[in-house]
Structure formats: structure tokens, C-alpha cells
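Next, two complexes with chain A in common: one pairs it with chain B, the other with chain C.
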Partner chain A sequence: MSSIEIKNVTKQFGKKEVLAGLNFKLEPNKIYGLLGRNGAGKSTLLSIMTNRIPLTSGTVTVDGESIQNNDKILQKMYLMSEVSLYNSRLRVFQVFNETDKMYGKFDFDLANRLAGEFGLDLNARIGKLSTGYRTIFKVLVAMGVSAEYIFLDEPTLGLDANHRDLFYKELMESYANRPRTFVISTHLIEEVANLVEHVLIIKNGKILIDSGVDETLAKAHTVTGPEADVDSYTAGLNVIGHDSLGKIKANYVFGDMDDKILPDTVSIESMDLQKLFINLTNEGEN
Partner chain B sequence: MYLQVAKQIEEAIFMNGFSEGDQVPSTTEISRQFHINPATVLKGMNILVSEEIIEKHRGLGMFVKKNAQERIRMKRQNEFFDDYVSGMVVEAQKLKLTEKQLIEMIERGYEKNE
Partner chain C sequence: MNLAPTYKYLFRISIRSLMLVYLWLIGITLILPALFSLISGTIGDFSLANQLSSQQFSIVAGFFLFFYFSLNDNHFNFLIQNGIGRKTYWLGKLLVAGVTILIIEAINLVYLYAIYLPIAGTGNSSDTLQISYEGNPVASSMLSLLYGHYTGNELLDYVLTTIVVLFGLASITALGMAVGSIMSLFSRRMKLIIIIGTPIFLIVLAIYISNLNIHLFSTTWIYDFAKVIVGAGAHPVEEHFNPFAPMVSGTIFIAIMLFVSRYFNLKLKVRTD
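Right after this comes the complex of A and B.
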């Protein structure tokens, strides 16, 4: 098992800089959450990591070897949107077969069983699938493929609550049975908060957070109480946002707290991942 | 999160959802059911193993240890002061209740529960 290293990666589309020098590492057998607002560069990053589009500068390496034109390494990586390249007249089961030919050892048992669970017709033409079933189809191929690195770009797009629940369950089970690396980009942060182990937050083409979910949340605090008390208590701390209700205010702090004595009127609580994300990526603040 | 996992399983054992010698659900089952990363579930399980509440039977899974309930009760008794009594006194002072009034309330609570 190998890790993927992303070094100083930039990407420009014309004059627009989409990725502005990214550095991070993906370790084997972990589930990563790739979070960012619309247009933050998530899909571009996923496509670059899997060599689907060229980067402007920087390197993506696996054990020191560049991924560019390196079929042996690229076979270890699978990007969910890959199947969009297939002829829309192909049927679902045919794409399973094609994927098996390309990557080898396709898990037909799993993919066929999941097709049954989700109610996806194996004989349906892929171009005729509805938005939801199109996503389900892509997810099933990604779950069945034998690659070590699976990149899931919006795996719940268009799925109803029941199907999302089923997807998360099956993902956890499949991961437990055959550990591999998943990188999941999603806007449904609350739903994946407990299933990802490590979080990557990107904003304006830069990495804002790259750390374990537990460590990240350990640094996120909500300080609530009367406005004046809250402001004086959090003075000098890294306040990333606030909410107010009448004269009661909540300041969101990301980082270490100091040793100041907590007034009776003020309370400190934790913050969930979604709240942290919103406050970190709000425009105009910070 | 892993602390919550440990707490939930502990609570289930304490409330007799799982008795001594019972198998507790596997990491995979819990992970699947609640959409929690298996590493997190395992971390929570390991806390309970180190507290001698559950034990691993190689190849079979996790089982509730003998006297697990008693051990949980002892642990919770130790935590009772910090978790409840300290906070109650602070809140009572905020409400301007005297020590005597608070004790009377506790006595009343006991009478109600008899």
C-alpha cells in the first residue's frame, strides 16, 4: 500500500487560478472528506489527482513516482465520474464488465447485490438513467472496482434520504471488509461527519484544514453568553464567526483557548463539523 | 466521537441490553448501522476493553466481561460527585438557594421516589 503526495499543485483555466498551490498527503486505508464550497476547486483537484486533467505546475506522486502517464499507478486509482466517458447506449451490466477488463477483479457480487438493494436495473441503458440512479450507478461501479484509491465526487447527488442512508451503510461495510482509501467530496457535511476519519477543507483553491476529524473538532469551540462577556472572554482568540439572538451572542473560536477564568454567565461548548465549515468558509469574514 | 461510542455501549450494558457473557455487536455492524468510521468504533471499543467492561475473544468478537455491570456502577459512583453534585451546588447558588434548602429538596426527592 502506498500513499499519494500532492506537492505545490496549481491549476489555471485560462487566467483563472482554480488551485493555488496545494500540499497534502493521502495515506492508505483512510476515509477522507474533501469539503469546500461550490467552485472551491474540489472536482478539479480530484481530476488532477487521478490524472484526468493536466496540472499547471506541481507534482502528484505515489511512492515518489509521478502519476503522469503511469498506467501501473493509475490503475490503483478510480474516480467516480470516469464512467461518464462511456457510450450512453451501454447497459449497466456492460459497464461492470468493461470496468472488470480495465481494472481487473471487479466485485460483481457486491455490485449486483447493491443494484438489487437500490433497485437499479442492470439492463438499463446508462444514458436513460434519472439523476439519482445515475449517481447510484456510478457509486456501484466505484464500490466494485478493485482500485486502492477511490475518489467519490458527490456520491449522494440526487439521492433521497433512504438511498443516502443505504449508501453510507454499504460504504462502511465494504470499507470494513476491504479497507482502501476513499476520498469523498460532498456538501452534506453532517451526514459524513462521523464516517470520515480525516478532513480536507479547501477554500479559494487553497487547503484550509488538513487534519483528523477528532483533532479538528477538539480545537473548535462555541462560546455563548451576554455579548459583552463573550467578547471580552474571546478577545485575543481566533474568532471565526458569530451568531446573535437579542443580547445573547455566540462566538465561534477555532484554535486554543487561553487560561482566562470563565465568567459564570459564559459557557463553552463544542462545535460540529458543519458549523465549523460554514464559519471557516464564509466569505467576507476571516 | 469515540467517547460517545464507548458511552453508548457502556450504557447498553449497564441497562442490561447486553448481559454478562453476551456478544456485543461487531465494529462493522456498529459502523454500518450508525455511519461511523470503523476506526472510531474500534477506538471506543478499546476504551471499554481497557476498563475491563468487554473483552476480546480471538476470532469471535467482543463479549461482555464478568462483573461488567458492577464495574460500571463503581465507575459511575466515582463520577457522580463531579457530574452531578458539583454542578447542582453551582446552580443552587445561582438561584440563591441555601444549603439547608438544597438538602430539604434532596430529601423531598427521596420521599417522592419511595
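Right after this comes the complex of A and C.
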């Protein structure tokens, strides 16, 4: 297995710069969370990494080889995108067959079993599926395909809570049985927080965070107490946001805490990934 | 390069589309008139020989090759979704185009010899083939008239004319591929404007050309150049055309069109508009 290296990748649509010099690496057999607000450039980045659209500058390489029209490398990747690129007249089972012909070693057992569990009709035409079932169809192809890197762009779009739960469970099981890299781009951060090992947060076309989830959360703290005490304690720290309730205030700190003595009135708690994301990506702050 | 599955996929779709076009053609030219005759009570006057035309398959095949191989978006989307790059797609498409041309020409010949000539060739059909049929029938009677007597050797003339037909079909296909690859760069809205605008432009151009003094036109370099391309001699009305000329000019034209097609094909991107 090889890693994907993204170097100085920029993308402009007309005069608008959507990606502004991204640098990061995707390692084999890891589950990544690609997080960002609407329009942050997540889908554009995934499309560039799978050679669907050209980049403006920079490189995407695997083992030093460019992905540009490189079948050998492109066959290691599969992007489940929000927009379906399949002919809407095709039936679900036909797409399974075609995917097998292109990638080889499609996991029909898994895809057929999951179709039963999700209640997806294998004979249904893709164009006739509801939003939720279209997502399920795409998820099933992504789970069955033999690629080493699976990019899932909003994999739970339109799914009800039961189906989302089933998806997460099956994803973990599939990952345990056949380790490969998953990159999950989603807005439902709370739901994937326990799944992802590594987090990539994009803001305004730039990578804000690129580190392990545990490592990231270890630096995320909520400092709560009387407003004056909290402000005094967090002075000089990287405060990324705050909440107030009456005279009680919570300051959200991202980064190392200093060695100041903690006042009795102030408490420090850890922050969850969603809270960290919201505070990091809020406009006008930070 | 993952060419084999790409070729198989594109070939399957191409042949399916071609068969569908032929079915429509048979339905429109044979079944529909027969049904009308049956409904109107004139089935006794219905003649299969009169419904057959020596050229209908060639003309439809020409349109099919141009339009089918100008299409890109759906095939590209499917292939890039499955990890197939633009170079493989283009090469796969080129191979499928070549094989499809050969299949089409084979169908044309089978139709001509197995269906048309036995039914209509000796009957009272008013088809133009009757005029050109002089023991050397090929799919296109016009080309047979022009190129079918160049060497005087019946078999050789026949082979040469068939090759000219293949070059004609290949040129149409290559033109379709080039036009399609350029069109793929535009948004759906822009494509619509071009598709509507082009016929209007062509009609205006045709009116302009038809108003030109033909004798004046025959003194221009364009006329002389056109004669070289098609292999016409100094007196094109009296002489037989040289079949090797369109082979040379066709090769150059096809090479240019394929270059354009490949260049723009490598710029294809998934469009969501």
C-alpha cells in the first residue's frame, strides 16, 4: 500500500480560489475525517485527488507518480460523490457487475448482503431511487469495490438514523475485515467522531488541522467559571471561542495550556470534536 | 493502462446503440409504411422493393458515427468513476470507432447483396442504384460512379471504392470525435446555444454559396483544392476520379481530427452543471 501525497494544491474557479496551497499526506489503512463548512472545498479536493477535475497548480502523487490519467493509481481509488456519475438507467446489480469488470474482485457477498439489510432492490434503476436509497446504493458500491483508498463524500446524505447507524457499524466491520483507507467527508461530526483516527479540517481552502483525533482533542480544552476568572486564566492562550450563561463563561482553548495555577472557581474539561470544529471554523473569530 | 475493460464497455454500448438505430430505421422505413398500408386498406399496393433503398443504411450509419462518437460526458463520467483516465478512454474510443466502422460497412455490404439486390435490384425500384449498378455495386452508388472505374479491373476497382467508403466513414467519425471533444469543454447552456446556432449558420452559409456564380467559383483556388482532395482530374465530369487521392487527403484529415480530439479529450472534466 502506498500513501497519497498532496503538495501545494490550488484550485481556482474563475477568480475564486477554492483551495489555497494544500499540503498533506494520506497514509494507508487509516480512517480520515475530512471536515469543513459548506463551500470549504472538501468536494473539490476529493474530485482533484481522483483526477475528476484538473488542479490549478500543485501535485497529487502516489509513490512519486502523478495521478494525472494514471490508471494504475486511479484504480487504487474510489470516490463516492454526492453527484452520481452512473447512467441513471442502469440497475443496481448492473453497476456492481460493471464495477467488478473495471476494478476486479468486487465483494458481491458484502454488497448483496448489505443490499438486503438496507432493503435496497438490486433490480431497481438508479434513476428511480429516492435520495436515501441512492446514497445507500453508492455506499454499497464503495464498500464492495476493491480499491485501497475509498473517499466518501457525504455518505449519510438522506439516510434515516437507523440506516446511518447500520452504515457506521458495517463500515467498521468491513474495515476490520479488509483494512483500507477511508476518507469520510461529512457534516455529521458527532456521528463520525468515534470512527475517524485522523482529522483534516479545511477552512477557506486551507488545511487548519491535520493530526490524529486523540492528539487533536488532547489540545482542545473548555475552561469554565466566573467570567473574570476564566478570562484571567486564559489570557495569552489560544482562545478560539466562548459561550456565556449569565456570569458563567466558557472559553474554548486550542493548544497547550501554560503552567498557571488553576483557581478553585475555574474548571478545565476536554472538548469534543464537533465543538472544536465549530469554534475553529466560525467566521469572524479566531 | 486498463484498456481491455474500457474497450469492452465502450464497444458493448456502441453496438447496442447501433442496433437500436437500425431497428428504428427498419421500423420507420418498412414496418410503419406497411402498417399504414394495412390500416388504409392499400396493402395490396404495398411493395417491399419500393421501400428499400440502397443508401439508407449508409446515410444512417454516417449520422450515427458522427453523433455517437461526438458524445463524451456519460462515458467519461462512468469511466473516471471507475478509475479509468482520459488517455485510456480516448484510445478505447478510437478502437471502438474503428471496429464499429468495419461492422457498419460489413452490414452495408450484407444488406446490399443479401437483401437489396435480390429484392429490389432486379425489380422496378426507382432507386439511384439502378443507374449506377454496372456490375460493381458498393454501399454508396455515388462513390461507385466516381471511383468504380479508375483501373478498369473490376475487382481492384471494387476494393478501392470500398476503401474510399471506409475512409469516408472514418473521416466522419474522426470529425465527430473532434467536435465532441471541443463541445465537452462547454457548459450545458453553451452547448445548447452551439447546437441551435450551428444549423442556422450552416443554412445561411448554404444560401450564400448557392447564390455564388458557379462559373466564377470554378476559377478559384478552393475549387482546384477540392478537386485535388477528391481526386478529380482536369475534366471531372468526363473522367473517373482517382481513388488514391481521397485516401491520402482522408488520412491527413483523420490525423488532424484525431489530434484535436485527443488534445481536448485530455482536458475533459466531470461537469455538474
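To be clear about the criterion, the second predicted complex is superposed on the first by the 284 of 286 C-alpha atoms of A that agree within 3 Å, B and C clash if a C-alpha of one lies under 4 Å from a C-alpha of the other, contacts with A are read in each partner's own complex, and residues count from 1 in each chain.
What we mean here is this: a residue touches a chain if its C-beta (ideal position, glycine included) is under 8 Å from a C-beta of that chain, and two chains touch if they have at least 3 such contacts.
Just so it is clear, the structure is predicted and the values come from calculations on it, not from any experiment.
K.L.:
Just to be sure I read the superposition right, which of the two partners does A:I184 touch: chain B = first, chain C = second, or both, or neither?
P.N.:
neither
K.L.:
On the A-aligned overlay, A:A147 touches which partner chain: chain B = first, chain C = second, or both, or neither?
P.N.:
second
K.L.:
Of chain B and chain C, which one contacts the greater number of residues in chain A?
P.N.:
The larger set of chain A residues in touch belongs to C.
K.L.:
Once the structures are superposed on A, label A:N87 by its partner contacts, choosing first (chain B), second (chain C), both or neither.
P.N.:
The answer is second: A:N87 touches chain C but not chain B.
K.L.:
Does chain B (first) or chain C (second) touch A:I207, or do both, or does neither?
P.N.:
The answer is neither, since A:I207 touches no partner chain.
K.L.:
Looking at A:L280, would you say it contacts chain B, chain C, both, or neither? Reply first, second, both or neither.
P.N.:
After superposition on chain A, A:L280 lies in contact with neither partner.
K.L.:
Touching A:A250 in the superposition: chain B (first), chain C (second), both, neither?
P.N.:
Neither partner.
K.L.:
After the superposition on A, what does A:V230 contact: first (chain B), second (chain C), both or neither?
P.N.:
Neither partner.
K.L.:
For chain A, which residues belong to both interfaces, chain B and chain C?
P.N.:
none
K.L.:
For the complex, which residues does chain C have touching chain A?
P.N.:
For chain C paired with chain A, touching residues are 1-2, 5, 8-9, 74, 77-88, 266-267, 269-270, 272.
K.L.:
Along chain B, where are the residues that touch chain A in the complex?
P.N.:
Checking each residue of chain B against chain A gives 1-2, 27-28, 31-40, 94.
K.L.:
Quick check: in the complex, which residue numbers of chain A touch chain C?
P.N.:
47, 50-54, 68-71, 74-79, 83, 85-87, 98-99, 101-103, 147
K.L.:
Which residues of chain A touch chain B once you look at their complex with the stated criterion?
P.N.:
31, 165, 168-170, 172-173, 175-177, 191-192, 194-197, 213-214, 264
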